[in-house]
Amino acid sequence: MNAPSNKGWDRQQMADRLAREFQDGWIVNLGVGIPTLCSNTDIGERDITYHAENGVIGYGPVLPPGEEDLHLVNAGGQNVSLNPGAAIVHHADSFGIIRSGRIDVTVMGAYEVAANGDFANWKIGGAKGGGIGGAMDLAACAKRVFIILEHGTRKGEPRLLRTCTLPVTARGVVTLVATNLGLFAPAGDGFAVRELAPGVSFEAAQQATGAPLLPA
Amino acid sequence: MSRRGKVFGSFAEAMVDIPDGATIAFGGFAGPGTPYNLTRALLKHGAKRLTCIANTTGGAHQPRMPDIGMLVENGQVAKVVCAFTAATRPTDVLPFTPYYERGEVEAELVPQGTLAERLRAAGAGIPAFYTPTAVGTELAEGRETRAINGRDYLLEYALPCDYALIRAWRADAAGNLQFRLSQRNFCPLMAMAARTTLVEVEEPILPAGTLDPDQIHTPGIFVHRLVPIPPAPEGLWATRRQERAK
Amino acid sequence: MNAPSNKGWDRQQMADRLAREFQDGWIVNLGVGIPTLCSNTDIGERDITYHAENGVIGYGPVLPPGEEDLHLVNAGGQNVSLNPGAAIVHHADSFGIIRSGRIDVTVMGAYEVAANGDFANWKIGGAKGGGIGGAMDLAACAKRVFIILEHGTRKGEPRLLRTCTLPVTARGVVTLVATNLGLFAPAGDGFAVRELAPGVSFEAAQQATGAPLLPA
Amino acid sequence: MSRRGKVFGSFAEAMVDIPDGATIAFGGFAGPGTPYNLTRALLKHGAKRLTCIANTTGGAHQPRMPDIGMLVENGQVAKVVCAFTAATRPTDVLPFTPYYERGEVEAELVPQGTLAERLRAAGAGIPAFYTPTAVGTELAEGRETRAINGRDYLLEYALPCDYALIRAWRADAAGNLQFRLSQRNFCPLMAMAARTTLVEVEEPILPAGTLDPDQIHTPGIFVHRLVPIPPAPEGLWATRRQERAK
């Protein structure tokens, strides 16, 4: 449990690693926070359509101060631009796109991910309320759910677990997890190690993880 | 109602009949589409025991604009139906959250897509539907699910409202609306779900017949009262969003 | 049963009589056939919005040959014009307007109307199939259902009955019926006579009706 | 799929993969939006045992354009799902009706609003919903109803399809569509409900970025193959509708 949290990949590198999984033609929904960094990654000529819950299909980079259009935000409230071929729909149509399985991947932050594919990102322990936003719809319906999170809490507790301790956002849906220590795939009883960040040993990763790691 | 007489001279006049106990939906998502002027007028109007439906009760960012949180602070709200009773980042605190935690206001927490679909259902005469969202979570505990083609779905009911307060870009005198870019969000759905829809309009209201019938986002059938937004400082207009200082 | 079918009102007069019930501001849906004649009636300055099932809100008169816009038809397939303030929506939104009770009145033809407010207009006796179109949605959901029909069949059988003999379109919904003999309102056990066409006696109307008539 | 490569050179090429047994939705209402060219190509393509979803199988008016009735006559159809298996006027006879009466083709007769909503539900990830339509009628016999707030509603299921064939006015290369006037009808819903949407397009296909993002009726996310309609006589275009001689 002593793996220093500054070891391995930084936030942009975690996002880069997941973004390199995006395939040509994918519709991608990026959650608030670290996942938004995925759109900075150079993945060559692949054609990616970014979808935001508020009905913006095909948005582009965040605009610098002074160039914003105040009528246009992405799901994180950032003033973004539009790419050629963009389209706007209302919230019901936007979530119709989500629920009907048109989102190839949603990338979200989380508090916990479990080896069985459950994850938790809407409510912290002991809280009366929470913030769900579009996370439950996206988690239940996207073709793939990728999660980015620090491998451990600030106290050094693992966030990759056998089962979630917090109320879950959806069950059995996570397909890939990037942490500062590497890339992991929920595999039922444990996490398959897809890749380790430079300088991270299998043993160190295992020690920081609350479920068995399975060698690649 | 007649297509005539939809244009009102003031926000106060447009909402004079809102009674205590009304259910009111508020458009907007992270700024665009939020009815700042109507909300400010509702603060002054003073109706109490309101049920407020919206994506959020207002964000944790600055500058703070009139929001449901202010109606709560003003003692006007009995219940909110929304997708966030707390901020996404645990380090942010929504003004609403402490009122909820102290039990002074009720809340029904609804996933955002379910919220949109429940409003749309109310507006489309669909009393209930099934959705895959929230199955297996705390929100589904004790509620009815149904297996359809081998997958479990949760039963959700329509969410009608007495009034919708929304903001649009352009309107004609018949009440036809156009929204600009992400201003659209929940606004068309709330107009469908409401018995009476109040709209603050950014551009001068156009004569009926001016807007292209193919390019109407919300038909006037769903729209009852239009109020043009005066120039600042009298009218409230969007400003650059600033994150709350950490 | 011997009331000649050419006695009383003609088709336009039946339509006129119902159209005069339309109030200022109403949203009106006119079915195929005689009901379309309602839009010819002069009802003064009352502001009526005509809604067609195919998503045309606010249509106006049928256009003469050579002036049609072939992209625009009403529910009967006629090339109509648009009034100022018209708007187009897709079929799901159009029926959302219907099902959510926004149509103040739908005017339809029928084979039979019953005193209990049931009516039948989609399937003839012994047929395997039928033509429902939007009739069941409109009948179940409009605030008022007005029916226009000839008082009797070509064989002289009554069309206003105690109960329908044909498969119904909706139950208990009809509020007003115009026939060539007059204006009638289903009243449970019989039809209330609201008005008789010129030259039609109560007794003649009763004789042509398959349910008791109740004097106004 | 990629936003690139959506424009096809011929109707035949756009449907080369349609297999026997496919479920296909056909846009159009009384002319506008009807995919005449794609339907003609499907007659030639020859796929069999099709399930066809549409408002009608084709009207009783002249001139007759390619329609589902012709696919039936051509032995390609196992079943239709539609709002009319017979004409509204008993004196009209749809070409389809005798095939149905002889039991050579199955039919599922669905109220028009329910048909639209079932397509929309499929496209919106809603597996089932309740509707007031058809309660108490022959169509509801033996089926599940539910009382909600004191009124009875009928359970209806989503109606997904493998392909949608529709006609649009304008499109950009990213597949964004605009329909003109009543051409819209079922087309956007069928595009949502389909795994693969084929569109015949009236105007020359525009570069992506040409259409106003606020004025897209069907986003390219739902659109896979676009075919520009050639000028007449090679391409089929709307003509004045004539009622069938009595």
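As written, the chains take the letters A, B, C and D, and residue 1 is the first residue of each chain.
Assume a residue touches a chain if its C-beta (ideal position, glycine included) is under 8 Å from a C-beta of that chain, and two chains touch if they have at least 3 such contacts.
Just so you know, these numbers come straight off a predicted model, no measurement behind them.
Enquirer: Determine which of the two chain pairs, C-D or A-D, is joined by the larger number of C-beta pairs in contact.
Expert: Counting C-beta pairs in contact, C-D comes out ahead.
Enquirer: By mean C-alpha position, what chain is farthest away from chain D?
Expert: Ranked by distance of C-alpha centres from chain D, the top chain is A.
Enquirer: Taking each chain's centre as its mean C-alpha position, how far apart are chain A and chain D in Å?
Expert: The separation of the two C-alpha centroids amounts to 37 Å.
Enquirer: Distance from the CA centroid of chain A to that of chain C, rounded to the nearest Å?
Expert: 56
Enquirer: Using CA atom averages as chain centres, what separation in Å is found between chain C and chain D?
Expert: The mean C-alpha positions of chain C and chain D differ by 28 Å.
Enquirer: Which residues of chain D are in contact with two or more other chains?
Expert: Residues 117, 120, 124-126, 131-132, 180-181, 184, 213-214, 217 of chain D each touch two or more of the other chains.
Enquirer: Where in chain A do residues touch at least two different other chains?
Expert: Within chain A, the residues that touch at least two other chains are 82, 88-89, 92, 95, 98-99, 141.
Enquirer: Judged by the touch rule stated earlier, which pairs of chains are there in contact?
Expert: All touching pairs, sorted by chain label, are A-B, A-D, B-C, B-D, C-D.
Enquirer: Taking the complex as given, what residues does chain D use to touch chain A?
Expert: 1-4, 120, 122-126, 172-174, 176, 192, 207-209, 213-214, 216, 219-222
Enquirer: Which part of chain D faces chain B closely enough to touch in the complex?
Expert: 117, 121, 124-132, 146, 148-149, 151, 153, 157, 178-181, 184, 213-215, 217
Enquirer: Hey, which residues of chain B end up touching chain A in the complex?
Expert: Listed in rising order, the residues of chain B that touch chain A are 29-32, 55, 59, 61, 83-90, 97, 100-101, 107, 109-114, 116-117, 119-120, 131-139, 169, 180-189, 217, 238-241.
Enquirer: Within their complex, state which residues of chain A touch chain B.
Expert: Going through chain A, the ones touching chain B are 32-33, 52-56, 65, 68-77, 79, 82, 88-92, 94-95, 98-99, 123-124, 127-137, 140-141, 167-171.
Enquirer: Using the touch rule from the top, collect the residues of chain C that touch chain B in their complex.
Expert: Result: residues 24-25, 27, 47, 49, 51, 57-58, 82-89, 92-93, 95-102, 141 of chain C touch chain B.
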